[in-house]
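Next, two complexes with subunit A in common: one pairs it with subunit B, the other with subunit C.
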Partner chain A sequence: MPRHLRRWALNGAAGLGLGFILLPLLLVMWLAFFRQEIPSFPPEGYSLKWFAEIPGNRAFTSGFLLSLQVSIAATAIGLLLAVPASMALVRSRLPLRGVLNTLLLLPLVVPGVVLGAAFYVGELELEMATEWPLLGSTIGLVIAHTLVVIPWAVRLITASLGTLNPTIEEAARNLGATPLTTFRRITLPAIRPGLVAGALFGFVTSFGNLEASLFLVGPGQTTLPIAILQYLAWKIDPTVAAVSLLQILVIGIAMLVTDRFVKLSQVV
Partner chain B sequence: MARLELSGLSKTYGAVTTVRDVSLDVPDGEFLVLLGPSGCGKTTTLRMVAGFVDPSAGRVTLGGEDITHRPPWRRNTGMVFQNYALFPHMSVAENVAFGLEMRKVPKPEREQRALAALGLVRLSQYAARLPRQLSGGQQQRVALARALAIRPDVLLLDEPLSNLDAKLREEVRVEIRQLQKQLGLTAVMVTHDQEEALTMADRLVVMAEGAIRQVGSQQDLYERPADRFVAGFVGRSTFLQGRVAEPGVFQTEGGLRLACDPAARSGPAVMAVRPEAIHLHPGAEDNSLSGTVEFTSYLGPVLELHVRLSPTERVVLHMPNRGGTPAAGLGESVTIGWPRAAGMVFSEAA
Partner chain C sequence: MSLGTQGHGTAAGLVTPATIFVVLTLLVPLALLFRYSLNAFVPGQFMVDALTLENYVKFFTDPFYTAVLWRTFRIALLVTVICLFVGFPLAYVLARTRSRYKNLLLIGVVLPLFVGNAVRAAGWMVAFGAKGVVNASLMGLGVIATPLDIMFTETAVIIGITAVNLPFMVLSLQSVIEGIDRSVEEAAFNLGAPPWRMIGRVLVPLAAPGIVAGCILTFILGMNAYATPVLIGGPRFQTMGPLVYGQFVEQNNWPFGGAIAFILMTATLLLTMASSLLLRRRRVAD
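Let's look at the complex of A and B:
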């Protein structure tokens, strides 16, 4: 095949793939500005009124706040657990290192519904045993979301640690730094790209998580994805599209901001 | 600067002993080199001095203080690593000042001392750069400055030149040696490169299989190797397997009868001969043998010949290159010989 033809084929395939990913996103964005209540094509006109609907809808506002709370808490806890876990995976000669590594990535592989059901049963049992009202509480949600965050954080932090030359830590200790100071002054700054990227991906995954949350939310206490789902059960007006657009914006801005500090393309 | 003493130092990992009963006394201001093949325990020994490896037995004393089980951050040793180990996110000046910062030296003083240390390695103008903006040789000089800035009791060098190319190696080698002398530092360097060891050391320690084989000057090691290993590791030698048949006579397995030191113990033994000790067309040498030239190599200052003496024995000899036509060509029959004293005999009797 001539060279230019081959390049056209390659670019065409890439474009097709990109289109496939972008099409639903673009469609949702477009839909958010339709004037009519029942989406139909072509649109009867354009309007921003659906965005104005959002602040008045308690399910969306409280859902957004709960999602934000849960995701931030889960990301923070997930990172706190993922950093020492990653250090152990990369540095120590644990006999079951491979197994542990796989286990830590497992939440990515297990279907979200299975994970949610497992958490539901687990938290239920724990609640019956201790009478601690875990199920339906924010803490119960945070625990499950932490599990969603950990695989991303571990993956990206271990990747970052893997490129770190361990003798620079020895050099620091040789120069008089205690292990804690060495970690704070040398290790942490060196793995910062992995930490930031891990936090971002963990946060985004947690924020958009629907399946695991479905089992764990309490009455009148829903996360944003669940609020969207519930709204869709009754109405199909473009408010949902408007909410989705805002969610896409929040995540997009988070990625852009992160990219200013750490070149994401270098760590992912 | 201080005197460093190791006594009976050992390290065992499970059933494996990597360092066995190492005792050394390094006086103040000496440059000691630990030389040996990889896996001989030289690096583990150095790491026990730095505190990165906890000894299984024995003692490390620095300046009269027992530091055997003291953590690395509370020993005043300055280490230079093979791969430089500079902190990538800190500037050159911050790297050099790090040890002083850990010692709580006030900022103005530590900046001034860091700059002075950088001056020692002639890199003051690079203070604001990041390590990755420097060449390998410059990075290793920064690492040296960083180790010197804390005014260590002992400077530890772990294969500091191995990552540098040949030309830079020469340059940094001279730099390290000059600074060590100028500052009167006690230094211990680990290397597997004998040329590096011979050119830098005040005194050398040859290690193999976790133990010290010989301690001595360059001349001691080269001219009076303690055993077959040292004779083969420091400089080149041809080894002839055989036995001391009667006092002063060494009989090779191939049937050659050679004159040797009359004091050599009778029984199975090996004779080592340095290539430059063997002469072509000797006059009246103690050993005079005929053979065939099987291989020649032009090395510049010397010509190397491989001469077959018996079906199983071949010796390597070096003759000074005086220019003109070579003294012996391939396949030529020649007479070679060496003095009795040049045949170093190592007994292999159990």
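Let's look at the complex of A and C:
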């Protein structure tokens, strides 16, 4: 096969793969503009009216707000825990370092549904022991989501720390900087790409998390992905497609912004 | 803070909060869940304290539940194989391209990962419905006279999970292919190897770590899929993930739900370990 033909075949196969990944998103976005309510093809016409329906749907609006609160809180707490832990994992010769590293990455490996069931049981037992109404509360969700954020943050921050030469930090210390100043003036700016990436990946995994939250939501206390799931289990129409389109836009913009700080090709 | 020159004390202090958090919110609840799975379930009384294996016995002796486990395994395996073949060309092009749009292509691969499985399942619902894109196009072309039943079939679920897992495979493969020096490919070509032999003898062996990692990740995610089987498979299509949720929330049978959760987790881990050992031995044998 001549070289340019080979190239075409390769690019074609790659394009098919990418198309397959993107196809469901494109179809949902297309449906959001249909004039008729039933998703039948070809569409009878196009309309923007479904976007006006969203503010009136309490499950979607309150779900969006709850998801936003929970993911921001979980990302902040997750970073506060993950940054010092990553420093220790990369810069020290602690015994059991490998074990600790595995432990912090473990939430990525445990199946989402098992994670959800375990949270449910854990929060139930705590609630019975202390009479603190944790199940179905925002705090209960934040705790669970923090656990989901931690492995992403640790993974990206340790990777970023690994590329930073420790002698630079030592030089700062030798010149008289306190450990805190060294961290603030040398380490933190140097690992900023890893921090931004860790925060973004933590945020979006938390925002999109479905399985681990399923067991923890209460009546009138539902996150956006679960509101979408419950709606879809009932029916699919342009309203839910319009909500999905907004979610795709929010996440897409977040990724484009992150790409300005840190090249995605270096973190994924 | 260069911890190398300081004692273990500071480092231990830094890593302790995160460790305690993960132990308290992951390991302790998992242990509790395991303890629940050894309890008994009496209809009307919910959970009764006991120390019994009857939930596990019930799962493995009831053909309904073993069929669910087998179906889940079959789907995960098929999805993994399809992802490998569909993902490889895309990963290769992504790794080798010098296009200025490389980051945009990467975002195209990564974005769906974060959009959530429910939204992506919605896309396939648009495609597979009786009046969906696929049926409407096929009927418009005169290929079929009556709409095909695609929704709520195993094929539809496999397509859905494949699309969900494909980005993970592509990213795993892309990162190793990027590390392979392009000149080894050129060398194989210059020595007269046809493309398929270059791929079989040079590219695949060198990319093996990424292939193994990608397959394992894809398989685990396939075993644990939840939203895709629920939405595309419909309420009567059972795989392990939805089964755990159903037992917990709909049946309120926590002991049995806990047992199924542990069977799912153990099966996934064992199969993963077995396959990675097998693959490693084959690589040594080669």
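Just so we're on the same page, the second predicted complex is superposed on the first by the 265 of 268 C-alpha atoms of A that agree within 3 Å, B and C clash if a C-alpha of one lies under 4 Å from a C-alpha of the other, contacts with A are read in each partner's own complex, and residues count from 1 in each chain.
To be clear about the criterion, a residue touches a chain if its C-beta (ideal position, glycine included) is under 8 Å from a C-beta of that chain, and two chains touch if they have at least 3 such contacts.
Remember, it's a predicted structure, so these values are computed and weren't measured experimentally.
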Subunit B and subunit C placed together on subunit A: clash or fit? fit
| task | Report for A:L103: first if it touches subunit B alone, second if subunit C alone, otherwise both or neither. | result | second
Quick one: classify A:P133 as touching subunit B (first), subunit C (second), both or neither.
neither
Quick one: classify A:P189 as touching subunit B (first), subunit C (second), both or neither. first
* Considering only touches as defined above, state whether A:V240 meets subunit B (first), subunit C (second), both or neither. => second
Using the superposition on chain A described above, determine whether A:N165 touches subunit B (first), subunit C (second), both, or neither. first
Give one of first, second, both or neither to describe whether A:P84 is in contact with subunit B, with subunit C, with both, or with none. second
In this superposition, the partner of subunit A with more touched residues, subunit B or subunit C, is C
Report task. Using the superposition on chain A described above, determine whether A:R173 touches subunit B (first), subunit C (second), both, or neither. Result -> both
In whole Å, subunit B and subunit C in the superposition are separated at their closest C-alpha atoms by 5
In subunit A, both subunit B and subunit C touch residues 170, 173
Counting only contacts in the complex, subunit A reaches subunit C at residues 1, 6, 10-11, 13-14, 16-18, 20-28, 30-31, 38-42, 81-82, 84-85, 87-89, 91-95, 100, 103-104, 106-107, 109-123, 125, 143-144, 146-147, 150, 154, 166, 169-170, 173, 179-180, 182-183, 187, 204-205, 207-208, 210-211, 214-215, 225, 228-229, 232-233, 236, 240-241, 244, 247-248, 251-252, 255-256, 259, 263-265, 268
Subunit A residues touching subunit B in their complex are 165, 167-168, 170-178, 181, 185-186, 189-190
In the complex, the residues of subunit B that touch subunit A are 50-52, 71-74, 77-79, 81, 83, 85-89, 98-99, 102-103, 143, 146-147, 150
Residue positions on subunit C within touch of subunit A in the complex are 1-6, 8, 10-12, 14-15, 17-19, 21-23, 25-26, 28-30, 32-33, 36, 86-87, 89-90, 92-94, 102-103, 105-112, 114-127, 129, 131-133, 136-137, 160, 162-163, 166-167, 170-171, 175, 195, 220, 223-224, 226-227, 230-231, 235, 240-241, 244-245, 248-249, 254, 257-258, 261-262, 264-265, 268
